[in-house]
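You will see two complexes here that share chain A, one where it goes with chain B and one where it goes with chain C.
What follows is the complex of A and B.
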């Protein structure tokens, strides 16, 4: 069998354009960029990065939904297409927000690493085999560790990166060990073959060990409780643009890979959580992780006075809701999950974008640092309102419809007869708790008076454009959710 | 008890994984934590080789190729890890994890 290399190239052109863009960017910065000011280099790098991302979007759409490619290693379906475009869009928003944000030294290297991470995300979207899944995940993770520690002047950044790296490294080892057991049990590393070999067998102890290890690893990557310990520290310490990327694009790509691995590779070992008796498998374990994440995330966020840590705990809570979407994907398809993850990513990038612009005028760590934002910059306050209300799930914003779609899909599985239904009810109740802490942030931004001597904030044009795009998308997708749902069906 | 070579390999790799995990969780020296993580990764590599060698279909080279890739990834991971260790050393003049506690709440 000779592999079909032209088809492989066609399928992987998005990643190729990202990597080529990063290399050209590094080369250009090395020779002609020397001696220029940081601001100029930042503008050139961000522009080149956006061009590479645009080329990747074009090639992703061009590659289309050709189905399985390269002997089953890659899958180009509508979920892969949607995730690729979504991840590239979120990375583009991050890059747009960068020149107007806090100063980053060595901007060309920063943008290049962002492009490498994005290549990892898009590969995660198309992986249909354990080896490619592992490599894509590690490419993305290693790039994100570097991005988290990029600000060498602040000890917090180094500490955040170190914590992220150590926990991420342990989780990668768990993932590899779980994959090795799956390979040993089934003799194959392609998802469909694994499913075929697992079907018809009783779950044996080794399979349970493998499942637990894979779930632990993905729990780490998705910041689901009880494996969430790194998230608040990283969101707080990392440079704002890095935190935005970690919170948005990496979530979307990670959950796409997770749902593909679980439902197309390990579906025979799913067990059941639709009724109270249940059957052993990964569904009950995911249900427990989701419940703990929902509780811990929402209750933990209440105690926060730091706005970044608050966003981190809200991310943990959203990870719980997303896991609910993963469980519902078996019957309802991945569309609700994708819609939720994509719109959550948009709102989070926007919230971090607002923080990064506020940081130009002074530190923005505590919630009180946002006080009087409506006087200091009405545009920022308005955008923050949209993002926070979308995170809280207020109609007509996209966050509401994402929650609605996921909870409806979860309730359809077995009604209130089983844990999944009750989990959805719990998530709905905790949404009310979540509204409270989002409103605390909004109260500071929209009602409280500014601190004495707090300067007016000038919003750079690129940042204003990025924030406006994110807010408009949240509104449009909230009113017309079928725009996204139809693509991913 | 009669143990096949595959069982022995799996027992050995599980022990290696546990030693690595305990090392990664209990050590306070960052480099030793890194060492623990590498041990865990190598335990997984050993699994791949064992399953490939003693598995039902040793003709396909999947296991070996997977290990080659994962060794390369582990090398990249060590490079990033050591870079981060250097960056934390520049700020606190040592690499003890207990002293990296600025972020909390």
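What follows is the complex of A and C.
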């Protein structure tokens, strides 16, 4: 059958607008932008980038929920739509925060790479085939490696990028090897066909190796333990905007692809997480990774004195909770997972945004660098309060409802009995532990007195707007979670 | 006349916009919260403007509701999805809601205006108007809710506003203690309401009152609730109704949870007038009236041990009598009025219990006006007499405060039930007639009749002590009339206290008919049931006559002179003055039990749980430290040392790899192998 190219174009217009926008802004920066100051080039590039993102949002909504496209390579369902809009929004917030953050040289290239990465994310949201999934993931990953090492003035940035690249390369190798084994076993690269072929067969050792390889690669992408070791170093070393993108949009897109691959491609090999006995499958592996992530992330965060490393460990802990949502997606649908990932992304972008503004006035690495923030800038302190409490899961902020929805969905699978029930209880218990380290940050920001001579921080208008939007969204979505849940269901 | 009719037809408020009535005061509260302390005029102006707009909207809502009085106009919407289905809330507009909204906004508006004068010397009046607006918003939310859940949320917000306002002068220990007492005591009742709500949701799967046949107050759900029985042979609807009634007992200061209401008088007097006389305390009565189909669902059942409404009737009767008795022996002008409120709320509950919820709402509406009037009059007196509240130290205020005296006298006569001209007479008659017609027991009727005498008696005493004779303190001697912002609301309320009664006279019971959803009004002659009316008129005359004989003829000469009743029966008087010892009883029983439990919990917490938590915390800390040490020293150590000593980036790369990335890769590899092994072995079992 001949592929339907106009339909393909229609489905991929968001990615096309992103790439076109990136090329246009590079061209503009190359000729008329020459000789201008960095700040001016930054403003122009960020504005153009926002326009491209807005166009992509428009085309995503326009493409809507058209079902499968291009012979089943793409799927345009409500999850894809939600994820596309979500990652575009998170990328837009990152761009909005950039002019007010620390200085970046060659801003046009930076924005262009952000747009390429975002194109990778939106492709991950619609991929329904191993090859496209791999390509989208690699497009996003390669862009993120570049973004992590963009600050050429600091060796930490280079270190972070190199480490991220090396480990990312290995995980890509795992993923590709796993995918090729899957292709070898089933003879297909389309998710539904794979599921059909797996349906009739007993799982064999080769399939298990393939599954675990795929899970290792995704565990790496999601910063789930024990494949998380890159995260603290990268969060610490990368430029703040890059770290924000890695922590938010990348996670949302990754989990969407992950849950789609597992439940629409590999569901027959799920095994059972209700008990460890019976047919082997990927559910027990996810359960183990989730448990280890929850434990290591939360307990590791307790000992951190660096606020970025703390956010990294918090990301590991949240990855554990998100994996719980992945397991529950089989029965409860992807809505709780999506809600959790999207609101977690919002809170994280916000937290990194606060850090990026504080950095204008001095370094912001240690938690004590935030001391007295309520005096230095009440707006930043107020926003940080919302972001941290949302990360900790305090009602009425969205973080609470995300936790609630995921845990409730997980508990519905088998009640308190069995490993998933225990996992949910563990996650709830560790949420209490998590509150402690988030409050440590807030204590510095809201209670401690500022260091001697710490200057007042002027918050640029764009950053203030981005932070206010993120905080307001967390509050509104926390009170009316159905606004998001309704879209994805 | 034609224009008026056209105008009235224009005044409609679609039910989906009903939330505006409550949203406007909430907006005013938000503005008030953001206004700095010096912006008093702004805060007061915004609060009053919002209240006035809400009043107009309420009038429009009333016109809408009266156009089709039998219909329950609802607007339901999904809040969010929970469990099996969406959690739905909604607004409800029927004559009950509309009349209550008009009353709350009108009385509220007058009291807000009064507060401008009363609070003008208070540095925190911005905060005061903010809290008052929060209260008004929450109260209106209670009225328009079409969901028990939404009602409960607003109910708790009303309690919060009450707590904040009773403790408005929190630097006074008595005010802080009273605020705490009010909050905790009403929470006991709210626990019952919460349990009732959960049970109701469990049994019916919805909390909407009206939902096109699926609501809890509609036939389907009620039939299911009466069909099941629970412990002791009670119908489920009876048990749920009684639990819901617990909330009403707490909020409306009914026996045995009435103890908080007199103490709540520590708040500013406009608060006492609005919250603790006219509106919030009547919310319990409104709640029972709102869920009346549920409360009355068990009436048709013959073989149940008790009907929910019987309990309501007896609680109301006890409260009505007890409140009136205690009011006789109080010396604080606001406490007399507070116990009078307790007693009148008891009347309303009595009316609900004996089956006439329209009489209860009629009395609620008239009582709101004349009791708010009395409280504001008391506020005017207190304001003039430099915060002297002891009636023994007042006196002789009739001359200098003519407007206050005249309006207070109208309020007194309305409350006492002086015949024909005053609203209180008609609404009290309606209740007594309903009690007379009840075939359950005649005890509530007797309690009500006894309270009629006592009410007339203590109100006569109050007026004689405060307004007649000679001033018995310096403050009372220097008193002069309050400013117009205070007297104009008094006049407005006095007009209401007179006129409102004519909406519901037996000859033309328009209000009752509309509440019941009837478009035709069936009046009957005043002579029907005239015997009971004559009896109550005689009783009122008896009460006023006794008060006149004891207090008026021999006016008090000095502040320290003994009360004539105290001289005659010192023991009874002392017992009544001590409020029959309920506070002491509760302190000795519930209070002591609670203290003992608290001490036990404290000890457990300190020694047992805290030890365990500390152990876990140490364990967590230890794991965290180990994890960090592994991460930073073992894995990062090489790199950090390398980057410290070497500057060249080329060399840095090589060092970075040998330092740690190998370590990371090793962990990934080990993780992979372990996971494969676990899955293989797990599958082999």
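Here is the rule we use: the second predicted complex is superposed on the first by the 484 of 489 C-alpha atoms of A that agree within 3 Å, B and C clash if a C-alpha of one lies under 4 Å from a C-alpha of the other, contacts with A are read in each partner's own complex, and residues count from 1 in each chain.
Simple rule for what comes next: contacts are C-beta pairs under 8 Å (C-beta built on N, C-alpha and C of every residue); 3 or more make two chains touch, one makes a residue touch a chain.
These numbers were taken from a predicted model, which means no experiment stands behind them.
In the superposition on chain A, no contact is made by A:447 with either chain B or chain C.
With both structures placed on the common chain, the touch criterion links A:161 to chain B but leaves chain C unconnected. Of the two partner chains placed by the overlay, neither chain B nor chain C lies in contact with A:472. Using the contact criterion defined above for the overlaid structures, shared-chain residue A:288 touches chain C, although it does not reach chain B.
In the superposed pair of complexes, A:232 makes contact with chain B and with chain C alike. In the superposed pair of complexes, A:203 makes contact with chain C only, with no contact to chain B. Applying the stated contact rule after C-alpha superposition, one finds that A:71 touches neither chain B nor chain C.
By the touch criterion defined above, A:131 reaches chain B but does not reach chain C. Residue contacts after overlaying the shared chain place A:296 against chain C, while chain B stays out of touching range.
Residues 155, 158-159, 162-163, 166, 170, 174, 232-233, 304 of chain A lie in contact with chain B in one complex and with chain C in the other. For chain B in complex with chain A, the residues that touch the partner chain are 17, 20-21, 24-25, 30, 33-34, 37, 40-41, 43-45, 47-48, 50-51, 55-57, 62-63, 65-66, 69-70, 73, 76-77, 80-81, 83-85, 87-88, 90-92, 97, 100-105. On the chain C side of its complex with chain A, the touching residues are 78-81, 86, 620-621, 623-625, 627-628, 631, 635-636, 639, 643, 649, 652-653, 656-657, 660-661, 663-665, 667-668, 670-672, 675-676, 678-680, 682-683, 685. Residue ranges on chain A touching chain B, taken from their complex, read 130-131, 134-135, 138, 142, 145-146, 149, 152, 155-156, 158-163, 165-166, 169-170, 172-174, 176-177, 179-181, 183-184, 187-189, 232-233, 236-237, 304-306, 309. On the side of chain A, the complex with chain C involves touching residues 155, 158-159, 162-163, 166-167, 170-171, 174, 203, 205, 208-209, 211-213, 215-216, 219-220, 226-227, 229-230, 232-233, 271, 276-281, 284-285, 288-289, 296, 299-304, 433, 480-482, 485-486, 489.
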